[in-house]
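Which chain is which? They are A, B, C and D, in the order written, and residues in each are numbered from 1.
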Amino acid sequence: MGFFVEVLIGGLMAGVLYSLVALGFVLIFKASGVFNFAQGAMVLFAALTFVRLIDILKDTFAPIMLSLLITIALMVVLAMAVERLVLRPMVNQPGISLFMATLGIAYFLDGFGQTLWGSDIYTLDIGIPKEPLMLLETVFEGGVLVASEDLIATVVAGLLVVVLAIFFQRTRVGRALRAVADDHQAAQSIGIPLNYIWVVVWTVAGLVALVAGIIWGSKLGVQFSLSLIALKALPVLILGGFESVLGAIIGGLIIGAGEKLSEIYLGPYVGGGIEYWFAYMLALFFLLFRPQGLFGEVHIDRV
Amino acid sequence: MFYRETGQFKTSYQADQAIFPIRQDRIFILIWLLIGFAVIPLVASEYAFRAILIPVTIMGLAALGLNILVGYCGQVSLGTGAFMAVGAYAAYNFMIRVPELNPLFCFVLGGLTATGVGILFGIPSLRIKGFYLAVATLALQFFTDWAFSRIGWFTNYTPSGSIAVQPVEVFGFAFNTPLRKYFLCLTILSIFALVAKNIVRGRIGRAWMATRDMDVAAEIIGIRPMYAKLSAFAVSSFFIGIAGALWAYIYLGSWEPLAFDINVSFSVLFMVIIGGLGSIVGGLMGAAFITLLPLMLNQLPSAMGFEISTALIKHLEIMIFGALIIFFLAVEPLGFARLWQIAKEKLRLWPFPH
Amino acid sequence: MAGDRRIGETILRLDDICLSFGGVNALSNISIDVKEHEILAIIGPNGAGKSSLLNVINGVYHPSSGSVTYKGQTRNQMRPHDAATQGIARTFQNIALFKGMSVLNNIMTGRTLKMKAGFFWQCLHLGKARNEEIEHRKKVEEIIDFLQIQSIRKTPVGRLPYGLQKRVELGRALAAEPEILLLDEPMAGMNIEEKEDMSRFILDVNDEFGTTIVLIEHDMGVVMDLSDRVVVLDYGKKIGDGTPDEVRNNQEVIDAYLGVAH
Amino acid sequence: MGAIDIPAAREGTLPSILVDNARQRGEKTAIREKALGIWQSWTWSEAAKEVEWLACGLAEKGLTRGKNLAIIGQNRPRLYWAFAASQSLGAVPVPLYQDSIANEMEYVLNDADIEFAIVEDQEQVDKLLEILPRCSKLKHIVYCDPRGLRHYENKELINYTDLSDLGQQRAKNSPDFFKSELDQCRPDDVSVILYTSGTTSKPKGVCLTHRAFVDVANGDIGFDGFNDRGEILSYLPMAWVGDHLFSYAQSLVAGFTVNCPESSDTVMIDLREIGPTYYFAPPSVFENLLTQVTIRMEDAGKIKQWLYKTFMGVANKHGPKIMDGESVGLIGRLAYLLGNAFVYGPLRNNLGMNRIKVAYTGGAAIGPDLYRFYRSIGINLKQLYGQTETVAYVCKQPNGQAKIDSVGVPMPGVEIKIADKGEILVKSPGLLKEYYKNAEATQEALTSDGYFRTGDAGFFDDDGHLKIIDRAKDVGALNDNTIFAPQFLENKLKFFPFIKEAVCFGDGKDSVCAFVNIEMDAVGNWAERNGLGYSGYVDLAGKEEVYDLIGECVAKVNADLAKEESLAGSAIKRFLILHKELDADDDELTRTRKVRRGFISEKYGVLVDALYDGSDSCYIETQVKFEDGRSGAISATLKIRNMDNATANQSQGVQ
């Protein structure tokens, strides 16, 4: 039983990280209807930039802080570039073309990041303690083993979600953003500048990517495979709904837990490695019963 | 400009509904066929066959198949690699398990297996739409990636999981030289392109397009969404399955489990989008473009006299590839087919602008 | 006007239809008889449930209670495909043409149910498939001729002006050779000349093919001219049903609708 | 034009030639009609069958020798067959202009004692039913298109298909009937009565014989080398002698294919599809086409415009010479070849004229620029001269000898005399037999020695080409005895793309003054390009800038006139721009769009007076008929421009 809880908690914690990436997707999809496949590439790019800047700035008084600031600035520039070079010229194009364009962005960022910063595996150490913690020893025999970095990551991710929620609910920009998500034309007609909103969302998505990159990077090392966690986040999206922040979080937890549990309890029977596809199958199966995802909006076809 | 349509009037519906009702178009297509079947074989180098012509024709077939699904029926799929894999592994298994079968027939069986899988994974399309469906098709992609690398039976328990095959031999005729392989692929492509055109200009094609453009209205007219969508999945995956078998047997010869991964899915989708959704010729142009682009990018630095490490070249290449994709989409989101259509329109109206 | 066109027996009956969306009643206890060969207009203010009613008739919406009786067969709900096979065609309030296709192909899709050639022949576009294409093209051309849209037959519908699109949509519905034609605001957004043309076509359809027509329209002049009978809806309830003259003089109708609108 | 096998001269009546064709070239296409999206075709033998059935059906209904049958509608195969069917019974077909209003039809129907009418559709049926009470003889109305006629219960109506079925039955029962009727027809019988539009009086029925048409067709075929591989698009009114000659008689005699457009809106599209080898259009059609070409080219990109300009320069220089078979230098030929690939060929293709072997224009003078344009891009456009009374067969320009200011040389068999006042007298195989029931008019029109008075004034030049100046009766004189040829002046004005119509006054006056109608498309376009806003026709016509523009045109005409000694005195002194377009519906133009000068000077008397009393402007109110039949009034105060002042401030615009 303790083992089950341990696996479950491990899964949930991985799930939080999926949620974080999925969150980036949701933000952009909500505000601009773009299915942003480049979210994974943004994670890699942000993490690469961050880790390499620390190395370059290691002799300064605060290499981590400085790097963080510069990386954040770079993500803002990236958001502006995307708005200017991709979204604006392609306004009113079909969703599929925009999706393809984000694939282009993904290719570009992957290539650009690795050209600029190299393609080795870089360890990222920003002082997160890594000792495992033994929890709930009183409840289960042998307790539950949890990595403290995972715990911290979970807390950080949770904090980020709260911050974003406040940002959306309480700030003017956040409200404008929700208006845009509801109806582009209406928002534009009451004077909400669409282009500005896009820059804001892409910046926020970039920051989320940076956080995800730092957490994953410090856990696994910063390397190309970070780019692929975008693929992990996709089933989370179908499960939670493309337009729901809450859905992204809960979906992430379900997928994270389900993936780990299935790998442990189901994997041995079919040769292992099922975490590659289990999440997708789970999401697909789920979709058959609820086509719009857990928290997605139901659209009634008006004819 | 060279379109001289005056006097090309139609006295029967059959003539009016021909694939190429304009005489000049018929001449063009004949010239292209002549180039493909006669001129290229005479002048192309072995490298050209191996690196360009064979992959372009096979990928052209895959793009044709995907275009049926995405361009004509409006169902976005990211599982092209999976369907190709199914086609390839099915053909392989038919060949090694029933050796007396004609290899070409095995390719067809491979295609039919892909059709079956396509119909199965098309079922979600009855419930879900748009990007939800696109992501759902990824399920198949990851599942096949996993299945073909972990389930030994598919690879006939080869220890490494990779497969090597003999050149295809049909009735004692071996497709073992690049030229022969090219002829085989081009012939298959030509036949399938004709079939695809025939389908899309008939009842089924109209049912697909109606479903794509306005599914509620299509249903009210009497088009069953299930029939339209599943038939699109079936035809599309048949084409893609055959392309997969050809890719494995004719182009690769030996392949690793991940030869048909998500990157293949993406590149075929690129071909379709950049070539032009809902256009037969667009898919072919897209296939040529996406195949040639990396080759050219790869050659470019050395051609310009730069000495760059291979890793860097690789990174630069995908970076420029990504940028070019964005550029093309921004300039003409409807792809080459649209460009060609505009050009043709202009030529027909020449010297008038409209 | 109607010449020797005879209005026949009830062909379609709605009994006690109720329909609600998330607790809001779109239609409450609606009962309507549609008689063969008649032109029945459904009028009412915006949100009265007119389009919902058409959607119930051809099965897009499923009523929560009540029944639909069509040609003697009673069922709780229609299904779009059944409605189509049994001869119910319709047009839409917001044009629902297939934007990527030409006028010709749009109307050809209307004949889908009448085409039978198998997959194999379609792949080859030979034999049965080709003959069928030609045979149905001829029918479609007759419709094109009927609606006088010869000069645009190969134009993609997306490029056409609004009035012509409406006409093409009517053509697509006619291609199915329906027994009942449901027209959802066929003249919305048209100028006077276009309205006259459309009225002419609707009368001609009714006249030449004997098609029963149920139409929703806001233009009172058109409704009074065209229809044999008028049904008035208000907030999902039927408040009037009779000849144009009867409805015009019905006090409840005047209060609820005519009085407000003018 | 290369060697062409010219068919041997044919003889007999027109329907008998049809029967011959069915035998000789039965499987060749006789006639096509664009209907239901494709060109429905009938071979000569099918056409002959249709004619036989229709004839038998008509006979069944009581059509016999000596009766007249009206034909009303756009060019349709069934209506062409109606000609042959009635002729084979010895009855005489009388085609009417399909856009005539009911009252105009009433006169002709009564004058020609019409008992049978074959009409196209509901529109014509409605008109006939309207006047039926006043046309006592009219008994049978056959309609081709049943659309909208389902509930008409008039006993006079019969569907063409039903009539044809009836005839088919009769033909089956008495197979020799048709042949025996046909054999009774004689070449010298009247084959058709064509009503002239009549600029001044009521229309007159011109009786023409089979022999006239067959001889004329033979003459034309010999002259231009028509054969049975040709194509013609029949879009001009069936009641007009030209269409009857080209699309009916010549098609029968030469055996070429007649193509009927889908509708009057689609003529240009249908022209493009068919690509006729033989084409006739009045100058106004050619002018409209050129205007459209010019307007469309103005929207073209820089490169295309440059190409167009450059190569049109080349064409202008060498094209007419190449067309006339004169020698052109190697470089010129190469440049023309290049131009042909990039500009002229595509242009001809877009105009639907790249298969044309011979194109004719006539009925009015054609502008020199216009004429040169078509010839320079390789279209063999020529002029012809003739009247209904001469079956449009007097003069034609021979290939290679096309001179802009002449109408060509007399056709084979035609004798021409120039009488006093320059009036042209013609004797030819195609001369009318008589005016229907109007011996007086016949007497007037023919001289004692059998020449027809054309009423046109003209003279032969040194090469033996005939030049037309004006209508003989219109040639007048100013008070100082200067010759005043109004049509001559008006034509010169109308050659400018900005001027649609012009009416000149001067006979018995001290000077020449003019009314001008602007060409809305061209002037509107010009105004847009020059940033000139306007709210409509009347507003645009009254703009000072537009007056300047037209003033320049007038100044050019005056400059031209100054070159010719005898005409120098008739320079235009004052003009005004009319506030409405002259319209046939208001009786200001004839149906063939000729100005009715007398009527106009009466109707707009106030304006004419104002032109001559020196005032600067004039108020006018005019009754007009709208297209839907309603009438109303429009009024405006028109400016009058004095040419002495206007010539000074010429600015931009006219080339």
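We take it that contacts are C-beta pairs under 8 Å (C-beta built on N, C-alpha and C of every residue); 3 or more make two chains touch, one makes a residue touch a chain.
Quantities reported herein were computed from a predicted structural model and do not represent experimental measurements.
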{"item": "Target subunit D, source subunit B, minimum contact steps", "value": "1"}
{"item": "Maximum centroid distance from subunit D, chain identifier (CA atoms)", "value": "A"}
{"item": "Contact-richer chain pair [A-B vs C-D]", "value": "A-B"}
{"item": "Centre distance in Å when subunit C and subunit D are each reduced to the mean of their C-alpha atoms", "value": "46"}
{"item": "Centre-of-Cα separation between subunit B and subunit A, whole angstrom", "value": "32"}
{"item": "CA centroid of subunit B to CA centroid of subunit C, Å", "value": "41"}
{"item": "Numbers and ranges of subunit C residues touching at least 2 other chains", "value": "60, 92, 96, 137-138"}
{"item": "Residues of subunit D engaged with two or more neighbouring chains", "value": "37"}
{"item": "Two or more partner chains touched - positions in subunit B", "value": "12-13, 16, 216-217, 220"}
{"item": "In the complex, subunit A residues that touch subunit B", "value": "35, 85-86, 89-90, 93-97, 99-101, 103-112, 114-115, 119, 231, 234-235, 237-238, 242, 270-274, 276-277, 280-281, 283-284, 287-288, 291-293, 301, 303"}
{"item": "Interface residues, subunit B side, partner subunit C - complex", "value": "12-14, 16-17, 195, 198-199, 201-204, 206-207, 209-210, 212-214, 216-224, 231, 278"}
{"item": "Of subunit C, residues touching subunit D in the complex", "value": "3-4, 104, 137-138, 141-142, 144-146, 150-151, 153, 204, 207-208"}
{"item": "Residue ranges of subunit D in contact with subunit B within the complex", "value": "32, 37-41, 231, 272-275, 293, 296-297, 299-301, 304, 307-308, 341-343, 345-350, 352-355"}
{"item": "Contact footprint of subunit C on subunit D as seen in their complex", "value": "35-37, 147-148, 150-151, 262-263, 265-266, 269"}
